[in-house]
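You will see chain A twice below: alongside chain B first, and alongside chain C after that.
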Partner chain A sequence: MKNIINREIPEFVEGYGKVIPFAGAFTTLPDMQRQAPKVKTIKPHQSKLVASLERVFKDIPVQNGMTLSFHHHFRNGDGVVNMVLETAAKLGIKDLKIALSSIFPVHAPLVEHIKNGVVTALDTNYMSGPVAQAVSLGILAKPVVLRTHGGRARAIECGQLKIDVAFIAAPAADEYGNINGVQGTAACGSLGYAFPDAQYAEHVVAITDCIFEYPLAPVSIPQTRVDYVVKVDSVGDPKGIVSGTTRITKDPVGLKIADTAARVIQAAGLIKDGFSFQTGAGGASLATAHFVRQMMEQQDVTGSFALGGITGYMVEMLEKGLFKKLMDVQGFDLEAVQSIGLNPNHLEIGADYYASPFNSGCTVNMLDTVILGATEIDTNFNVNVVTGSDGVIMGGSGGHADAAAGAQVTIVVANLLRGRLPIIVDQVLTVTTPGETIDVLVTERGVAVNPRRDDLKAQLKAAGLPVKEISDLKALAEQISGAPEALTTGNNIVAVVEYRDGTIIDVVRQVEA
Partner chain B sequence: MELRRTMLFIPGNNPGMLQNGGVFGADSVILDVEDAVAPGEKDAARLLVSYALRNVDYGCSETVVRINTLDTFGKEDIRAIVPCQPDLLLVPKVETAADIKEVVSLVATAEKPGQKKVNLIALLETPRGIAEAFSIAQADERVVALALGAEDYTAALGANRTKQGTEIFTARTMIINAAAAAGVQSIDTPYTDANDEQGLLEDSQTAKHLGFKGKLAINPRQIDVIHEVFNPTMHEIEWAERVIEAIRIAESEGAGVASLNGKMVDAPVVNRAERILYLAKLLGLVKEAEV
Partner chain C sequence: MGTILTTAQAGTLESSDIMITVAPAAEGSGIVIELESIVMAQYGKAIRQTLAEVLMEQGIKNAYLKAVDRGALDCTIRARALAALGRAGAVSKGEML
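Right after this comes the complex of A and B.
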């Protein structure tokens, strides 16, 4: 069958189940109760400390076929996932589903666990590196479920992603299970992506290398939801967890794009008191914050909040009074980690509060504007951030589709040509984010506005921005590089791409080795 | 007269930059096969630049190629590049009118029948070149501007290069005067610290005050700052409009000289006002009807 954006998807996917087709960004509504894990109790003065992971596995007990969940705040420095799976393998446990909010190159040992049958299913919002490569080549019999950050929170809360055991990598914990991300040697800042896991998993295990005296303060994840505390030698490599200061790109084309994106925001009339903003940490996205900041300073504007993954640059804007609050679901650098621990206006928020579409209000809904990237964008403004030009999985939505849906003006920034390939195509290989939620594409050679937003188009034109039709920008790119041949993929479905509401927006098919 | 507020250097051996050179909004792009390119890479850069001139759309930017000196690779550069019809050649280390005449004769020979005439900008970067500025500017009608290259010049003088630029004050004013006397443009030396926006701003303001019509740029990030300086300000535009209005009224009353706020408005003041309004119109800062 075809979903509403004309993507060919099966009605039933082996290993996933019945497919509900994507029907529009705000069309499919919830019709269920919230997930309710079993109620717990603990006797006074009973210890939660457990000597080893093996002991925890036996106490719970972890069994074949269970779903184990993890957060990705340690990014490429994570040691916990590999440690837990090594324990599972050692104990001969098979057929596990791993719900890890993002998968990085450091998780390469997963490939071996998949080959040995320890792991047979993956559920994630982003994947890159050897695991993504192996998945693209068809290593798993069941398709990977690729969700958005908000969609994962929704799936957990609505009981569609049922977690048996949540293993929460904790930079700091006390013996009674209070956890935060701002203390300890592996401090990573916000622990927001682990909040839904802690609330809804049947069993919750804190894994830490720094036990602090009871009671720990501040508390991100409370003792009331944590069943076990395990101390290990090291939860990860701090060098892979946070970088030094995230710097503004020096690439002149990236800066040109960022400057234009800031002008778009200005032309849309958004640079005024109360302004709210989200942007990524990479290339032109972060550089846009730099140009937006200059405008805010020149016009003496105080913004309301900046949202999302937080960098030192946004921290500086908070400290200079350009934003009143930072709402932080993930910290990218040391400055962000330090700030969230010290500054009361730098708030830690959970994935559900950030972006889940099925609750009484998530924060992306309050955004004026968001700056997003794209691997590919088609002439209907559908965006791919999952697969590369070779069809291999190299990313995922993360918060892309969530913020795009929520913001009043959603801006995609991209070089018109990447490598030797035009960024604009007739049909993207994989749709992550539907075109109806993308308002403007900014490239170094012009700006295209979604035909749904004639109001915005008129504003941008009036401001003298180089507005062009997206088809003209595509033609311009092809004039330079030629039109690339379309990629052919196999039939086997290696991943289903779930929209934030749980419908299927697209599937990823296997590529040849 | 062409607008040359910014002339942006693009390394001739960098395909990515050659492809994107037109997106930054510089008045001119200078595709450089001289200092940006190592001797072993001259052939490759010449090929790349020739291809770029024929195939890349530089939008509103005028195309300029900085060739090598004639005693190195300049003759080969001219033979290969002139038929690709750049708007201009930037000729480095020009010291005498004879240097220009030799380049002109090579360019004329290299031009295909019916092609666009390739004009020249003389880059003066030696004490001798500065001393001969006027005769260089007058050497041939193809010369449309003189530009200052201060790094080589100060090295030859044995002077220290400073942010304030006192050591190049004489060279700057000599070039500006020679160019004005010969009726061509004068273009200032680049500001070489791309990370120092404040320094660039002050250096550009100095250049504009002295009379330069534009400035060489070594990084796309410098363009907006330089444009901001060389664009007429709203204050200047309003002043110019009042001057023109005052002289119009005076002329209708039969007088050749007017007065504005107690100051005399005569021909040189009117000329200045006209130039400001001409630039403002070119840049779309005022509407046609207002001028």
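Right after this comes the complex of A and C.
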């Protein structure tokens, strides 16, 4: 069958189940109760400290076929996932589903665990590196479920992703299970993506290398939801967890795109008191913050909040009074980690509060504008951030589709050509974010506005921005580099791409080896 | 002209460039093109065609050509191919212009 954006998807996917086709960004409504884990109790003075992971596995007990969840704030420095899976393999446990909010190159040992049958299913919002490559070549019999950050929170809350055991990588914990991410040697800042896991899992295990005296403060995840505390030698490599200062790009094309994106925000009339903003840490996205900041300073504007993954640059804007609050679901650099620990206006928020579509209001809904990237965008403004030009999985939505849906003006920034490849195509290989939620595409050679937003188009034209039709921008790129041939993929489905509401927006098909 | 006298190379492995090596081939062995590209799926055929065209335009009947492409545009591919052929003694500077 075809979903509403004309993507060919099966009605039933082996290993996933019945497919609910994507029907529009706000069309499919919830019809269920929130799921609830079993109620527990603990006797006074009973200890939660457990000597080893092996012991925890036996106490729970972890059994074949269970779903184990993890959060990704340790990024490419994470040691916890590998440690837990090694324990599972050692104990001969099979058929596990791993619900890890993002998968990085450091998680390469997962490939072996998949080959050995320890792991037979993956559920994630982003994947890159050896695991993503192996999945793209069909290593798993069941397709990977690719979600958005908000969609994962929704799936946990609504009972579609049932977690048996949540393993929370904890930079700091006390013996009674209070956790935060701002203290300890592996401080990573916000623990927001682990909040739903801690709230809804049947069993919650804190894994830490720094035990503090009871009671720990501040508390991100409370003792009331944590069943076991395990001390290990090291939870990960701090160098892979946080980077040094995130710098603004020096690439002149990136800077031109960023400058134009800031002018789009200005022309849309959004640079005024109360302005709210989200941007990523990479290339032209972060550089846009730099140009927006100059406008805010010149016009003496105070914004209300900046949202999302937080970098040192946003911290600086908070400290200079350009934003009143930062709402932080994940810290990207040392400055962000330090700030969330010290500044009361730098708030830690959970994945559900950030972006889940099925609650009484998530924060992306309050955004004026968001700056997003794209691997490809089609002439209907559908965006791919999952598969690369070779058809291999190299990313995922993360918060892309969530922020795009929530913001009043969603801006995609991208080079018109990446190497020889035009960024604009007739059909993206995989749709992650539907075109109806994208308002403007900014490239170095012009700006395209979604035909749904004629109001915005008029504003941008009036401001003298280089507004062009998206099809004209596509033709311009092809004049330079020639029209690319379409990639051919096989029929085997290696991943289903769930939109934030749980419908299927697209599938990823296997590439040839 | 039209005969490759020696092995020669032009181009780099930088992004948006192509490194082309040409080597002499025996009479009657024809044109052999070996191509590696980061955009093989999208432009592999187009790159081979461009390379074959350049060789044909220069009247070269026998050659071994290896190209390692990092997403070069068509004009770059032509320029690098011509430069490699020039260095190999197959094309004189005047003919290139």
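Things to note:
Definition applied: the second predicted complex is superposed on the first by the 513 of 513 C-alpha atoms of A that agree within 3 Å, B and C clash if a C-alpha of one lies under 4 Å from a C-alpha of the other, contacts with A are read in each partner's own complex, and residues count from 1 in each chain.
Methods note: contacts are C-beta pairs under 8 Å (C-beta built on N, C-alpha and C of every residue); 3 or more make two chains touch, one makes a residue touch a chain.
The structure presented is a predicted model; accordingly, all values stated were derived computationally and were not measured.
The partner of chain A that touches more of its residues, comparing chain B with chain C, is C. When the shared chain is aligned, no partner comes close enough to touch A:17: not chain B, not chain C.
Residue contacts after overlaying the shared chain place A:420 against chain C, while chain B stays out of touching range.
Of the two partner chains placed by superposition, only chain C is touched by A:389; chain B is not.
Contacts of A:256 after superposition: chain B is touched, whereas chain C is not reached.
When both complexes are overlaid on chain A, the residue A:344 reaches neither chain B nor chain C. Contacts of A:92 after superposition on the shared chain: neither chain B nor chain C is touched.
In the superposed pair of complexes, A:44 makes contact with neither chain B nor chain C.
Within the superposed three-chain model, A:480 lies in touch with chain B and with chain C [touch as defined at top]. For the contact definition in use here, the residues of chain A common to its chain B contact set and its chain C contact set are 480.
The residues of chain A lying in touch with chain B in their complex are 252-253, 255-256, 259, 417, 444-445, 479-480. Note for the complex: chain C touches chain A at residues 15-16, 38-39, 41-46, 70-74.
For chain B in complex with chain A, the residues that touch the partner chain are 16-17, 19-20, 23-24, 56-57, 219-221, 224.
Residues of chain A touching chain C in their complex: 389-391, 419-421, 480-482, 484-488.
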